[in-house]
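Let me begin by handing over the structure; questions about it come next.
Letters A, B, C, D and E name the chains as they come in the text, with residue numbers starting at 1 for each one.
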Amino acid sequence: MQAQELRGPRAPAYPLLVENVRLSFAGLKALDGASFHVTPGIVTGLIGPNGAGKTTMFNVISGLYRADAGSISFMGQGIERMSPHQISRLGLVRTFQIARGFPKLTVFEHLMVYGARQPGEKLLTAVFGSTEARQREAELSEKALAVAARLRLSHVIDNKVTDLSGGQKKLLEIGRALMAEPRMILFDEPAAGVNPTLAEEIGDQLLSLAEEGLTVLLIEHDMALIERICRRVIVMAQGRTLAEGSFEDVRSNAEVQDAYLGGRR
Amino acid sequence: MDAVLQALINGIISGTLLAVPALGFSAIFAVLRFPNFAIGALATAGAYCAWVVNVGLGLPIPVAIVAAFVGAALVGALLEYGALERLGRGGALMKAIGSLAMGMVIENIVRFIFGNDLRAFDLPLARDIVFGPIRVGPQQLNNLVLALVIMAAVWAFLSLTSLGRSMRAVADNPDLARLKGVNPRFIALVTVAIGSGLCGIGGTLIGLDTAIDPLVGGRVLLSVFAAAVLGGLGSIPGAVAGAFLIGIVEEFTVLALSPAYRLAVGFIVILVVLTVRPSGLLGSKAN
Amino acid sequence: MLTYILFALVIGSVYALLAQSLMLSWGLAGLVNLGLAGFFAVGAYASAMLTTWGHAPIPLGVAAAMLAGGLVGLVVCFSTLRLRDDYLAIVTLGFAEIVRLVASNEVWLTGGTDGISGIPVLVPRDAGIWFHAGSLAIIAAAVAAVYLLLRRLLRSPWGRSLRAIREDQTVASVAGKSIVRFKAQAFSLAAAIAGVAGAFYGHYTSYVAPDLFQPLITIYIFLAVTAGGNARPAGAVIGAYLLVAFLEATRFIAELAPGVSAVQAASLREIVVGLGLVLVLSFRPDGLLPERSQKAPAL
Amino acid sequence: MNAHKRLIEVTGLVGGYASAEQIVKGVAMGADAGELVTIIGPNGAGKSTALKLISGLLRPAQGHVYINGEDVAGRSPQAIARAGLGFVPQERNIFGSLSVAENLEMGCRFEPGAFKERAAEAYARFPMLADKRRTAAKSLSGGQRQILAMAMALMAKPSALLLDEPTAGLSPKAAHELFDYIRRIAAEGIAILMVEQNALESLSVSDRAYVLVDGRNHLEGTAEAVANDPDIRRLFLGGRSTSSRQSGAAGETSASDSAKQK
Amino acid sequence: QEGPIKLGTLTPLTGSGGAYGPVMADVVKKAAGEINKAGGVLGRELVIISEDDQTNPEAGLRAARKLIDVDKVSAIMGTWASSVTTAVAPVCWQSGVFLATVSGADSITKLPHQGFIIRTQPNTTLQGRKFGEFALELGAKNVAFVSPQTPFTESQFAALTKAVEAAGGKTSILIYDDKKTTLRTEVDQVLRSKPDAIVMGGYTTDTAVLVRDLYRANYKGKLLGFGYAVNKQLVEALPPDVSEGIVTLSPSAAQGTGGYKNVARLLGVDSPDTYSCQIYDHLNLISLAMAAGKGTTGTVIKDNVRKVAQGGGQKVDNAVDGLKLVTAGTKIDYDGASGPCDFTDIGDIEDAQFRYEQIKDGKIVLLKIA
């Protein structure tokens, strides 16, 4: 609700607009003027060779890194100077490529922490309690159970995250993002390390979320998944956007083939 | 102006006294990733070893310093092996708390054996050498040189031998280090022994400059910790830089403000430095 | 003997308040607060000055202690916001030392190293044993109130988010948690609790002085919380009472070891305290009561 | 080539983590010299746990692990590494605070003398590593880390190799190249056990395969047979998008490379 | 009531006062042994229970409670740090336990203690004045007072200044941090005002540092210190040429009295420190008061301590002799190891004589008692 107010009068055409973003690490230009936009209600793929700057791009968008130059707007609002939690509160959530979490918390607690709009997070509400908070807690925990079930995490729901397998950690990354009820999710290789059958199901789910109006930007090296669920694909290389278009367009691009797919040798 | 110059020199001299134990503290932190608060007591233990060798056995000071290193190294390694290692399961802070408790134990063992009396080394005290308006003590010059040599040796040891690299590897990822053929326990013990030994030398240097009692290490624990933090925890050159900065700042406090507020000013400097450089003077960025 | 036990229980209750304060700031929020003695001192002095020199009623003094502790906590928290965990430790330790230095050197404000004596008491002193029993009842009630408060907080979404922040700030901020808000709330609430502990201590012993707030007390409380379990209010409370029981019990070991001099007996006692703690920790690395996680409801 | 020599042989392996019940409940697997063997299975099946048990990171409760014919079950990871086993774990498989070059040096601890030569080899094989020689490994991208981990394990010239999802996070091109490379090192006489979720392509380059479910052997056979088993396809390989997985590139190779070299 | 009489010592065995407390506890044990050998007090044995105040009021308070409630002592002797004394005082007077202390802070005897406190340490104003006067006597005109922050720093300096300024001299003060390992800059700061006498207000550990740094800085003027800091320990911790010539003051018994020698004999040292002397007097006064009042409670001690300590009568300097006389009904006046031990109504000593000693060739040599 708060996010709605912040959206401002002019509803923008693109949920996410990245213009000319630059960031270098000690001389290395990790992002070198990358620009792209994302259209609402579809899954957009972000692909590119290893070290192209995709993850760095996510870090900049989500506020973990500050860009040296360039602008980023989410739903028409400049977010390049915002802190990560403000960005998240606007409804833009990201996952991590190398799964990260809260070591001493359980899977269930992770899901609950990501649960949005919990009034019980205010100190006073926590002290005095409120029916709203209680209701919301019940809703969230129901949702958490459902998400866990969908990701095959039900049997480990009370496990500490440190006691998960590599793939389970990646699944939890996805689950957390789903809990946040965001307007847009940035997925960083959600399917890497996930069993192919399950990856397929997750793909289906992303599609149905997109149909419900969620915007998704997806970094993935699994071309089958990209082909199946992405209506638009953006290709990055060496910190720049190299090409964009439908998967077919992009796949037939010789440069992309060369640098990324390595199909024609 | 002379006063300022003199305070600067005094600061460097008191900095050297902090630098050696700070080095030990930082080395232990760098590998085992926990602040070992037993270093105060280890410095005391080392100083008493040196004292026994120097006064009890009548051997010269250089031998006593070696004894301090060996004695403190043994105590430190025993501590790690016998008690702290198994606390590691509960996390770094658990080890820190455990080291605090074990520090208390060591200090009191020393007290049990030697009592609370003040003891001095068998070393004549020389008057300062005066250069114009500035004066420096010969013993303190010795200490300065000794501390610098130790620092150089530690630095060379860590960066030029493969042991140094293995230490950093263990600190970073002990499981992977094992897969690469490193024995993390051995590395941990070596580090703790070296770090503790340095603390022992530090305690002895302080004792040579003043006198020793069971609290000799405990009194400087705070400043040593502060120096290591200021320099960036785990950074070897940082610990040295931090020690000198703390030493100098404290002496300037005496000039500019009430000496009673020496500690307070020291901490405010730390706060300012850390606010500007969140990982310390020479610390590497975490995460 | 009864008086002694009651007395030990009162001291244990003051420790229990401090331990809960530490449990909140360190155990839940992950803020390594080595400045506990400082907040303890701020509360003790605030209430002592107000009630002894200002002749205010004790409840007002306690409220002032809470407020003073909380405010100072807020200031310390904001000035240390950018610091990493390990570094927070040294700065908060420094804060406690600064409090002690100010209390000893600014005689016009605090009475200097003489301290403040003749602080009004909770129950008239001439009530004999009832003085101790009454004080105990009041302070234990405060312990219970804080316990209920913290338990409630711990189980609330607020507590859950705080624990998440403790574990990984970056991820928590990506999850939309304002790190600053949570930390500031937890830290100043914890400081306020420590302030209350200070006030009660003063109103029980009638005396506060800078020497009371040496780092030793912080160390003791860290030991208590660690042994009890650092993320459970009940662990903190139990740890605190056990610590006092242990500290007092070790007095009697001197009698078991005849032939040692007084210093040796005293050092033996501290050796036993230190070893005892390490033993507890090595058998129960998570303390007596380990952290409890929120279980998923059964379907 | 000393074919058919069992360099890794695991029998009746049981084990898990301190807290929980046993995760691996009886697993037998192995690889001959020159053989590339893929292990697949759902998430949480116990694949990584099995590899940790073999490498000594976890101590097996029961079972035998033979490396080069020598039973190493219960030994320390250092000793097992010395016996000739290389292992690239799934997670935390690099030293983040060491530079890339230092990581490689750590891989070469048993023969420091050979470092120069082998590092040159690694740099030639993976030019990216040469560019980033002096960079701290933690600032590498996800895919770059995987390459480094792999290169580090090869520095020791192991006779048997365990790989846990080596291509996770690699671009299709890089994954393809890496599989090729793995195929080639196997051909040099190394026995390789490789866990992969990138299953179809992995099977397409492998000789044999094991399917692990719930801590037990579920199925084993030639890679081709496993890849074509309809149940396995449906349950574990993503049955719907059969041939188009891994795009054109992988599809083509899986067809052409399926002729086994056994 | 039968059985032994229990008395407690509460001295700093650990913490920053750790240099003093152990000897204090020791001397009491030994002196009580002598009394017991001679038949005890009122025919009952004395049992001494020693607790550690850790130089910390909080720990001291807990220890005091244990002594009072568990051991049921009738008196506590030897509290050293002023903050510890202030913390345990109310507990003592409320429980009817007598408290004899060596703390110097003026505020202690001003507590509403109903007579339950005596202290053998001259209050700080007196000490300050004596230092001033003695510095003048040594020919000093410009006196610097160098001390850590203690409860009596201010009042000592004020009294010192008053005495020195009355004779046309001037004074300066510098407060240092007693945990520092070098005091070079502090010394520079002090020497800048070119003092011809320096009065050191610290304890043994920090005084050792100060004296060394003054020596290094080539300070050639007079050095004065308290007897409790400039003691045998300090002398042993310093090379002889460094400590040469330091003058010390400590409250003392009149020349010729045997109390001081008794303590020296008990401890087996030449020059016992003032605190051991004082606590020795505590024990003797308490024993004699109990005998004189024919009771063993704190109240009896409080009511009778002045009867045995002052007001004329046969002079005694130890409890064994005194107890015989008291039993025989003779009026006695105890003059102890630390001084004449005559107390004002609020418990301060009325007048103190001071021993003036000087370090010569690594030995502490008596100059005069006045």
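Here are a few things to note about the model shown:
Here, a contact is a pair of C-beta atoms (placed from the backbone, for glycine too) under 8 Å apart; a residue touches a chain by one contact, two chains touch by 3 or more.
Please read these numbers as outputs of a predicted model, since none were measured by experiment.
Minimum number of contact steps separating chain D from chain E: 2.
Number of steps on the shortest path from chain A to chain E, with steps defined by chain touch: 2. Comparing the centres of all chains, each the average of its CA atoms, the largest separation from chain E belongs to D. Chain centres computed from CA atoms place D at the largest separation from chain C.
Between chain C and chain E the centroid-to-centroid distance comes to 35 Å (mean Cα coordinates, whole Å). Rounded to a whole number, the gap between the C-alpha centres of chain B and chain D is 45 angstrom. Chain C and chain D have centres, each the mean of its CA atoms, that are 52 Å apart.
Multi-chain contact residues of chain B (touching two or more other chains): 108, 111, 115-116, 258, 260, 263.
For chain E, the set of residues that touch two or more other chains comprises 13-14, 18, 21-22, 149, 175. A complete list of chain pairs in contact reads A-C, A-D, B-C, B-D, B-E, C-E.
Across the complex, chain C is touched by residues 62-64, 83-85, 88-89, 93-94, 96, 100-106, 108-110, 112-116, 118, 120-123, 125-127, 129, 133, 137, 141, 144-145, 148, 157-158, 160, 176, 180 of chain A. By the touch criterion stated above, chain D contacts chain A in their complex at residues 17, 19-20, 41-45, 47-49, 90-91, 128, 139-145, 147, 164-165, 168-177, 197-200, 234-241, 244-250, 252. By the touch criterion given at the top, residues 25, 47-52, 54-56, 97-99, 152, 156, 163-169, 171, 189, 192-200, 221-224, 227-228, 251, 259-263 of chain A touch chain D in their complex. Considering their complex, residues 32, 79-80, 82-84, 86-87, 89-91, 93-95, 97-98, 101-102, 104-105, 170, 219, 222-223, 226, 261, 263-264, 266-268, 270-271, 273-275, 277-278, 281-282, 285-286 of chain C touch chain B. Listing the residues of chain B that touch chain E in their complex gives 3, 6-7, 10-11, 13-14, 17, 108, 111, 115-120, 123-128, 130, 135, 137, 206, 209-211, 213-215, 219-220, 250-251, 254-255, 258-260, 262-263.
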